[in-house]
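Residue numbering begins at 1 within each chain, and the chains themselves are lettered A, B, C and D in the order written.
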């Protein structure tokens, strides 16, 4: 009994939507990052599953995913640096307060 | 059979990661879900990727996240409980995205494609290495260089931002 | 035929206007006055010679000179020119003589006025435009000079521009005449159009459709009459004539026009400008003849005006207002004389022009006489004069001559001309016109007698101290009076009929005895009742009559409240009810509409900014919602 | 480099020179010299125009253009630098050169930033000249924009009162107008199928009735917005009231004529069938325009609004003349453009002078000025009489042509309607007389209202020259209209032939 590509895609979509849900509900910056990681991961999974089912011989997908992981790392790094800045200013890392751009 | 188990695990862990009250728990659940996806990669015969996933994602990024959590220590980290309306809204949005996705995917009538047996060999790591550094047409050497530069700048800027106050 | 080209008669006053107006006036007013008088003097002699030679030559009409001025279409070209025919020759003589005498008179009257240079340049402008009007060979040129006459009367009435009443009187005069000229212009357009459609006919294209020789041509007239629009055209033109000659509905500006200096009233509002309307109707008489309806209207308007003005004249206190109303009434006479005339009874045409001729002299004399009285007594109010017989003998005698002449006493010119009008009315069967004419003659002699006795007889009622007696005016002012008095006497005997006639020449010049007798009787009754009421100083009898008439007297004295009516119509209706709302409408609605579009875009922009809440999550939601809608739309259309 | 390019670019070159000048004195003298030279050039042009061979036997079919300069510009789009002049454009050039010359004279005492002021003014005039001589729709549009745009800066910076508001409104509405034009020009370009913007070629094309039915109103309204057509005239009172003297002289005197000129030259000439469809409608609209403008002027408190409304009414007459679709009406429209240009130029320059002295434009606050400044008072009255159409002044000649044209009617519209509209618009001569005399009597006649008017001075030399020049040209057109009539008539024949085809 073997699994179908559709299940895999739906699986990654599910994770992606959970990520969105997390994105919208989390108040803290780090929470955002967590759900963001989930969404990126879902994307990568989707990529690999399509690659594996449709073009098993190519290697491009894996290269792409590696790059995705690298960028995700970079992104988290920056986000945390910004949060450090906020912490330095004794401000809570609460994105609902961060609306200086509006004024 | 094992696949469905792993699917269930990933779904379970990510749901918990998103909805748990305290961020520590959600960080840990995130770790779980990432490692399970690494397992999925194994099933898809992308061993190198699984390794990287575990190494970089779980080991690197998550450690950083936990590290940040430790530092912030603010109360919202403990009970990050969103308001009810926000939850409904977010739930509505995400389910509609999910529904749309499912509707689109089903309309692409993919279910006929099944997991190929061991007959077709997955690309070996040697091929992967070649792809990264080859300068021929489909080589990724350029992307490889750029990503390295990117990582370097991000590192430097992170340090600069983080310690700006002291100077 | 005359030694000088005839357009000189136009050029001289224009030249004197330009020289005086632009240059001389700045240096010395009196020099300008002298130049003006000499120019008009030359014009006076020139017009006499012109008339003499023209009537000797016996031609019907000569087109002396014309040049193309304005080209509407190839077959509608307007020429500026000089046309001499019996009618215009007579008018030339009248205008130039009166203008010359007024110029001499003004040398004295305006001597110590600081704007004397300006006054004389305006007088030359007026004479130029009046002469231009008189010699016009076509209707359009007449309209052009018609307007110029209007402007010069505006300038002259408003001569004392520091006096608000003079300014508003000038404004009123110009606007009312301008309103009438609107009718005149539309009439010209209509006649021009009709003329064009006829011109294609057999009349060669020698004349453009608006030339008088073309319009008065009998068979062209018949074609025009057949078109049915002729009566409306002529009535429109008659509106123009009514405006300028201050006939009934449009008469309100003339009494106020007395604000101008007296020589102006003498020249413009007695002898020349106001008769321009009569001249216009006379000029187009062959056409009017073919439109009996129009003639009826003309006669009735004339009659009513003469009656209406005569009644008001009896109640006025200001000497110049009385003379103004008497002018109105006399012009009413001329107009209704034209109205009663037709090709069967052409006497009315000659009578009206004869009356115009004689009236010009004695009315100018009356005004100048009144001027010298006002100059001496420094007030217009008749009740503050009295007993001037002793102090101003020449003015007294000349004034008396004029009063007798206007009332129509035998040897004076008024008798002959008024007589002819009444005979024309009687012979052509217009009985009502005849009877009303007689009654008006009685009223005329009454109010003329009234002001004569009030000013010259009885004791002096002037408030100034008794010691300073009014003295006779200088010779410069009394000379024209005497000359005019002689003319008032002699002009009656001129055999007018064999110079100016319509359809066929009268063979005999007999006096219709019944009319002569009834006219003189009416005049004597009027004069004696005036003597009875006003010669002594006690006016108890006058008071009794006034109280007897009660309210009616007040209404008449206030000129039947027409001025107030016009003020009400213009100010209340036009200004507040129409112009006001339009100005408001324009400001608020049309302007507002444009500003509204401006505000709308602003408020819309304002609303948009509310979406930028600053919350990251909101943006994400909007992003995803946008993403979903795009996808669904795309897939709906594609699949 | 024919004489026409010279005519168009002299103001532009003077503007360039001005930018280098230092002291206000030199700036003004350069501007004066430039415009004076331009006046001379236009007289030379008229002289050449009158006795050049082509003028003697103009061919009846196409436009009889002279001094034609034609170079391909974007040949792929069929756009060419195509300059030419015929009777109508020549009349307008003469008018504009007189107005700009007197405009520069009238703004002799503009102090702040006079360099930019004169440069922008001359730029604006370059656009206007360009429009009058260009016979390529694309070039026409470019010059049209060049003429309209500096207006914003001129009013915005040097204006008085709510200058930003009115500058903004004025420019936006004129932009709306040029938007209409752009749509119509592109429509013409594509539907003609000739892939050219050249007007003479487009004139040969008989567009089908359907297209003409929509292009003509867009064109007419587009030009009408600039020519103060009824509902779109609201920019003109505010715009003129807050514009400085020279700008409102130029704007009311010349720019509003672009509308009338364009309507006649492009809208009626290229789309005769459309004209026949719409003319009666626009005739009714312009009748409202005439009466509305003159009635509106009665209650105005401010002198500039007073003149602005009167120019709305007079420009309405221009469009009325165009809408009569007959020979006399067209000639009347062009004459009215010339006469009204001169009139409003004189009016606005005088208002500028009076404002310079009494520092108020409210009519009720002034009174009895005639005693103090006789020269200005007489020239004001001459301008007033010209605007109410007194014969021997230019107003009468133009108005009589228009009313005669309206009265004569044309073969395509029923006569009684045209007669009714003409009679209604003739009534405006009475209303004009009312508000002109009321306004002027209040300002100049009567006793002096407040005392310190007594020491006001009369016109200075430059002011005397300005008013004298304008008054002389008013009298010239009024007394000797043959000069302009002979110039304009051959230019109108092709339009009439096109209509009768």
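The rule is simple: a contact is a pair of C-beta atoms (placed from the backbone, for glycine too) under 8 Å apart; a residue touches a chain by one contact, two chains touch by 3 or more.
Everything numeric in this text was worked out from a predicted model, so none of it was measured.
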- Message: Going by C-alpha centres, which chain would you call the most central?
- Response: D
- Item | Mean-CA-position distance for chain D and chain A (Å) | 68
- chain B and chain C have mean C-alpha positions lying a whole-number Å distance apart equal to 104
- If you average the Cα atoms of chain A and of chain C to get two centres, how far apart are those centres in Å? 99
- Note on the structure: chain B and chain D have mean C-alpha positions lying a whole-number Å distance apart equal to 73
- Contacts with 2+ other chains: residues of chain C: 617, 621, 624
- Message: Can you pull out the residues of chain D that are in contact with at least two other chains?
- Response: none
- Task: Specify, in ascending order, the residues of chain B that touch 2 or more different other chains.
- Result: 86, 89, 93, 97
- Would you mind giving me the full set of chain pairs in touch? A-B, A-C, B-C, C-D
- Note on the structure: So, in the complex, the side of chain C touching chain B is made of residues 617, 621, 624-625, 627-628, 631-632, 635, 639
- Task: Spell out the part of chain A that touches chain C in their complex, as residue ranges.
- Result: 20, 23-24, 32, 95-96, 98-103
- Item | chain C - residues contacting chain D, complex | 68-73, 76, 140, 143-145, 147-148, 151, 154, 158, 161-164, 167-168, 170-171, 174-175, 178-179, 181-182, 185-186, 189-190, 192-193, 196, 570, 574-575, 578-580, 582-583, 586, 590-591, 593-595, 598
- Okay, in this complex, where on chain C does chain A touch? 612-617, 620-621, 624
- Listed in rising order, the residues of chain B that touch chain C in the complex are 86, 89, 93, 96-97, 100, 104, 107
